[in-house]
Amino acid sequence: AAGAAGGAALAQSNPVPTEGGDPNILNLPAHTTGLGQPVVTDGYGKPSQYEANVQRRQSPGLTQTAQASVSFAPLQSLFGIVTPSGLHFERHHQGWWDVDPSKHRLMVNGSDEKMVKSPKVFTMDEIMRLPSVSRFHFIECGANSGMEWGNVAVPTVQYTHGMISCSEFTGVPLKIILDLCGVDTKRGRYILAEGADGSSMTRTIPMEMVEDGSVLVAYGQNGEMLRPENGYPLRLVVPGVQGVSWVKYLRRIEVGDKPYAAKDEAVHYIDLMPGGLHRQYTSIQECKSVVTTPSGGQVLLDKGFFNISGLAWSGRGKIKRVDVSVDGGRNWRTARLETPVLDRSLTRFNIDWVWDGKPALIQSRATDESGYVQPTYGELRKVRGTRSIYHNHSIQTWLVQESGEVKNVQLS
Amino acid sequence: AAGAAGGAALAQSNPVPTEGGDPNILNLPAHTTGLGQPVVTDGYGKPSQYEANVQRRQSPGLTQTAQASVSFAPLQSLFGIVTPSGLHFERHHQGWWDVDPSKHRLMVNGSDEKMVKSPKVFTMDEIMRLPSVSRFHFIECGANSGMEWGNVAVPTVQYTHGMISCSEFTGVPLKIILDLCGVDTKRGRYILAEGADGSSMTRTIPMEMVEDGSVLVAYGQNGEMLRPENGYPLRLVVPGVQGVSWVKYLRRIEVGDKPYAAKDEAVHYIDLMPGGLHRQYTSIQECKSVVTTPSGGQVLLDKGFFNISGLAWSGRGKIKRVDVSVDGGRNWRTARLETPVLDRSLTRFNIDWVWDGKPALIQSRATDESGYVQPTYGELRKVRGTRSIYHNHSIQTWLVQESGEVKNVQLS
Amino acid sequence: QTYPGIGRPATAKEIAAWDIDVRPDFKGLPKGSGSAEKGMEIWEGKCASCHGIFGESNEVFSPLVGGTTAEDVKTGRVARLNDVTFPGRTTLMKVPTVSTLWDYINRAMPWNAPKSLTTEEVYAVTAYLLSMAGVVPDNFVMSDANIAEVQARMPNRNGMTTDHHLWPGKSMGGKPNDVKSVACMKNCAGEPNVASFLPDFARNAHGNLAEQNRMVGAQLGADTTRPPG
Amino acid sequence: QTYPGIGRPATAKEIAAWDIDVRPDFKGLPKGSGSAEKGMEIWEGKCASCHGIFGESNEVFSPLVGGTTAEDVKTGRVARLNDVTFPGRTTLMKVPTVSTLWDYINRAMPWNAPKSLTTEEVYAVTAYLLSMAGVVPDNFVMSDANIAEVQARMPNRNGMTTDHHLWPGKSMGGKPNDVKSVACMKNCAGEPNVASFLPDFARNAHGNLAEQNRMVGAQLGADTTRPPG
């Protein structure tokens, strides 16, 4: 809930003053004529009281319990590519825990006795002594935008796209840890990652992604340790792959010769195709983008100049280009990409726009370095139907009405 | 102060178990056998209770008041290049404020009537409509490491180097705002930036840095708004230049034909040279690096493998290379640089090290893309003496003693 | 590269304590058995409060049982997955592998007391769950010896494909992308037509959006406690 | 590129309210005057509690007055800046420009009530401050008309250089880097010799370092409440 200072926004005008000037300028405020607060008022600081509206939120009615549920990141209020850790989206299957790191252990073993030469146990101290890397990656839930497969269901970009976040992760390449244990990588083409929470979440990951160095055993997120909600003190980072595979509270890695068909890869995170067949082990998050400002539930108070801004990403590498349309996809202009543009990370795009006060249909369309172009709903549904839940990466449309109010719409 | 869970660290051992196994593995913990906490326990989350030791801190006795003071970022506990905003170092001259953004205004004017064609006033809403960019930059206080100019004065890297932080800043290039007002850039070769707090901090900035697009009027920091301690809702970003120029609570930009000799450029942030002359307007932060782990005040509990990790940066561009010595500068190896390596941003480096249990002298030495090599204390003092306070960018030495304890030392 | 001083061998007891996964080929499955009859007792004591007496509840989670037929048990394809008018999908309509049920119940259920069931109880309650759907008889005793036979009766055992492009690496699928689009730039589509939007009555269903946007900004949040402007 | 709808002209009154800066060439200095005698009253009422009766206090900040001589007033160079045995540096030893004092007192002092002084008071207290150091006579009346003469007596007016490489751009300095180093890789320096370190008695002066490091990590914090190990 929003605090006193975080209530409904007040339309802020900047009229040409009639009486000589704006009182906010002519009457010096208290902070210009007084002494402020000391350093280390907070040893660990917080956002301004005026930012109380910027919160992660549940989507009403989406889940039946709050421990097997999701909270969405407020993309409409975020800048750049780093998601503040306090606003990182949450997805728990059996609730979150604040695990004592001095008692946490990581085990590596094999699916049979020959798979791993020397199964091992590591403390956090030991893991943090190993060679470490730091990399920016997005994490997106496979079900992000899932509510919108059939039709428009939610009003804002927080709910349509808020199961994505992006952080600088620090940790040890899993390859180093496996090498240390001695793994038969000829037979062992799969990894099982297992968490220490009640769900003891398990997911199968291909050995190729370990071998190419991209899978990390991570403890750091945006400069500090992972947050408890995100797996403190240890989680797997599987770049480009859906969030459920980024096992939290990571306690065990098993090397195996077959996939494991865990609950969240045999009952959920399976994509229902037209015809009734499910696709299993659909892991990669495809090329996608969304305009975050302006976006659904917002109001443009004026005609005139606006900066259209949004996010693009791909589980297949870097973003190559983002195009933006303000006429519902008839004509497109290429947006500026903010640097750095990184592998399997969010990319921020911006483009100029002068609003003439008439209805507008704003869209963005990303292309990744593999050449894949983000599809329209028509193109996506033609192949995958409307019941998949997962991997909805369609172009999003926002309707700017004459009143200035922005609505979530889908075009036919 | 540290909470219950944040007390002194306990040496964590990982002995080969005599009785069949580690009780932390054999006895499943509560979090493995129970149901955890719901999503949105915190709409804006916090670090783990076990991270209570990771705090920004004042250096005892450094300043006489806490409103004209500094708090240092805990570099010994940070990863990667992003500084968590709650741990960003603080430097206030007249205390910090939480300014109401709906009442905040930015004014642009000229030092005389001809300098700016149309002096203007902007609301925050308006500034946030302008074209925006997002960039990673470090901010370092010109006095960082200043306590160590003469000799060793403080025990840990938090106090030796903790007046630096790095964030992704989002804002409007100042050039766009000046263009909008119409500026005589032939005469107007300087900018005065002024804050809205009690100190109404002013600093002179060269027009070249505005013209090349690097100076930003920023509202965003690491995805969210600036923190109140860091200038909410608006601060200037002046990449590569000392922190005092990054004026907080920015209320005014004046374009002028002469520098302003503000208090913090005529009495402080001036460098005392041998011979008694001061250098004035010493703005650029030079190429510098420091090993953050292991670092002063830490203890290595074991011989064996360690990852040496640290930070490098330069106000003159990108970091080209970082070398690390473990023998006090006799022999050097080149460290791995984590990507991305960005212009006037922190760069994280890592390098392998096997500690044999004998005393070791750990150093890092950065080279930037201008070719400038970070100097030793000897090289630096030969030119600039020992009384400058500002711009100490010497190579830092950490002594690892046989006991495993790490000490801050300077070599002759 | 070696890493002296880091890690130590795991003991057999430690591995046994944590290595609890069960694969589709039943690797990892402990020996043992349990009857559907005993499973009913466990179900009603420890599971029904959340999942319903017949596994039909959607109070805390979507239904586990329902939507499968005797015909599905024969074909291994749940026909109703192709019926767009059928509401929702139960667990048994989707799950292709009985190991998945066994493994998950063993590791995670009951939800508020995971890992509290004995091996016998897991066999029993899994058998009961399947008996409710008619996959196994009501008096079935499931064990490591006959679980493969149960697998051969799973209603959706043939309902999965890995023949797609969304698995990284070459161990499965490897198909090219199924969806194709081109980045047209000018005069691309016909006159755009809004086909789906939120009805006005749902305007405030997610709370007041004015309170879900920052106080300042290029755009502010719409006050959804008021009618559309 | 234009930006319709963004920003509006500032009014003269608004500019006057905020444009308070005073430059070394006295651009921005308001007309007016104030006597050192009146300044003494203000000083003792509004400044001395923090800065000391003679500007010598270092209770809340380093001393403002002290360390300058009559000779310095003549040469424009504070000789003691070259005396390595002289402890600390006062404001008047460093400040080259009287505009800096005027501007800063006007915008920021008294510290707990910035911008509360009238123009006359700022002239007066600045004059008094300088009189304490003998830069101006005790009965001096400082004004916009004679401030340039005061500037000509500032003790450290010739004590600054911009002839260095740390100003970005070409408007000042532009010298090449003064410090030179080379990235030697092998057998570079002599036997290293520890020349400076913290004495054991200062071990705990910054608090217990064990509590300033994370509970887990490659290294932990040293317990500085105990003697070195």
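The letters A, B, C and D name the chains in turn, as written, and every chain counts its residues from 1.
Throughout what follows, a contact is a pair of C-beta atoms (placed from the backbone, for glycine too) under 8 Å apart; a residue touches a chain by one contact, two chains touch by 3 or more.
Note that the structure is predicted; figures quoted are calculated from it, not measured.
Of all chains, C has its CA centroid at the greatest distance from the CA centroid of chain B.
When the C-beta pairs in contact are tallied for B-C and for B-D, the bigger tally goes to B-D.
In terms of their C-alpha centroids, the spacing between chain A and chain B amounts to 27 Å. Per-chain Cα centroids separate chain B from chain C by 46 Å.
The distance from the centre of chain C to the centre of chain D, with each centre set as the mean of the Cα atoms, comes to 66 Å. Averaging C-alpha coordinates per chain places the centre of chain B 22 Å away from that of chain D. Those residues of chain B in touch with two or more other chains are numbered 5, 10, 12, 14, 22, 25, 32-35, 50-51, 54-55, 57, 65, 67, 77, 94, 101-102, 107, 121-126, 128-130, 198, 200, 225, 233, 251, 301, 304-307, 352. Along chain C, residues 1-3, 5-9, 14, 18, 111, 114-115, 214-218, 220 each make contact with two or more other chains.
Chain contact topology: the protein chains form a pattern that is neither a line, a ring, a star nor a complete graph. A complete list of chain pairs in contact reads A-B, A-C, A-D, B-C, B-D. Of all residues in chain A, those touching chain B in their complex are 1, 5, 10, 12-14, 22, 24-25, 29, 31-51, 54-58, 65-67, 69-71, 77-88, 90-92, 94-105, 107, 121-126, 128-136, 168-170, 196-198, 200, 219-220, 222-225, 227-229, 232-233, 249, 251, 301, 304-307, 309, 338-340, 342, 348, 350, 352. Contact residues on chain D toward chain A in their complex (touch as defined above): 1-9, 11, 13-14, 17-18, 111-116, 214-218, 220.
Residue ranges of chain A in contact with chain D, taken from their complex: 14-17, 20-22, 25-26, 28, 32-35, 101-102, 123-125, 128-129, 225, 233, 302-305, 352, 354.
Residues of chain C that touch chain A in their complex: 1-3, 5-10, 14-15, 18-21, 23-25, 27-28, 58-61, 77-79, 81-82, 84, 89, 91, 94-97, 99-100, 103-104, 107-108, 111, 114-115, 156, 159-162, 164-173, 177-189, 192-198, 202-203, 205-224, 228-229.
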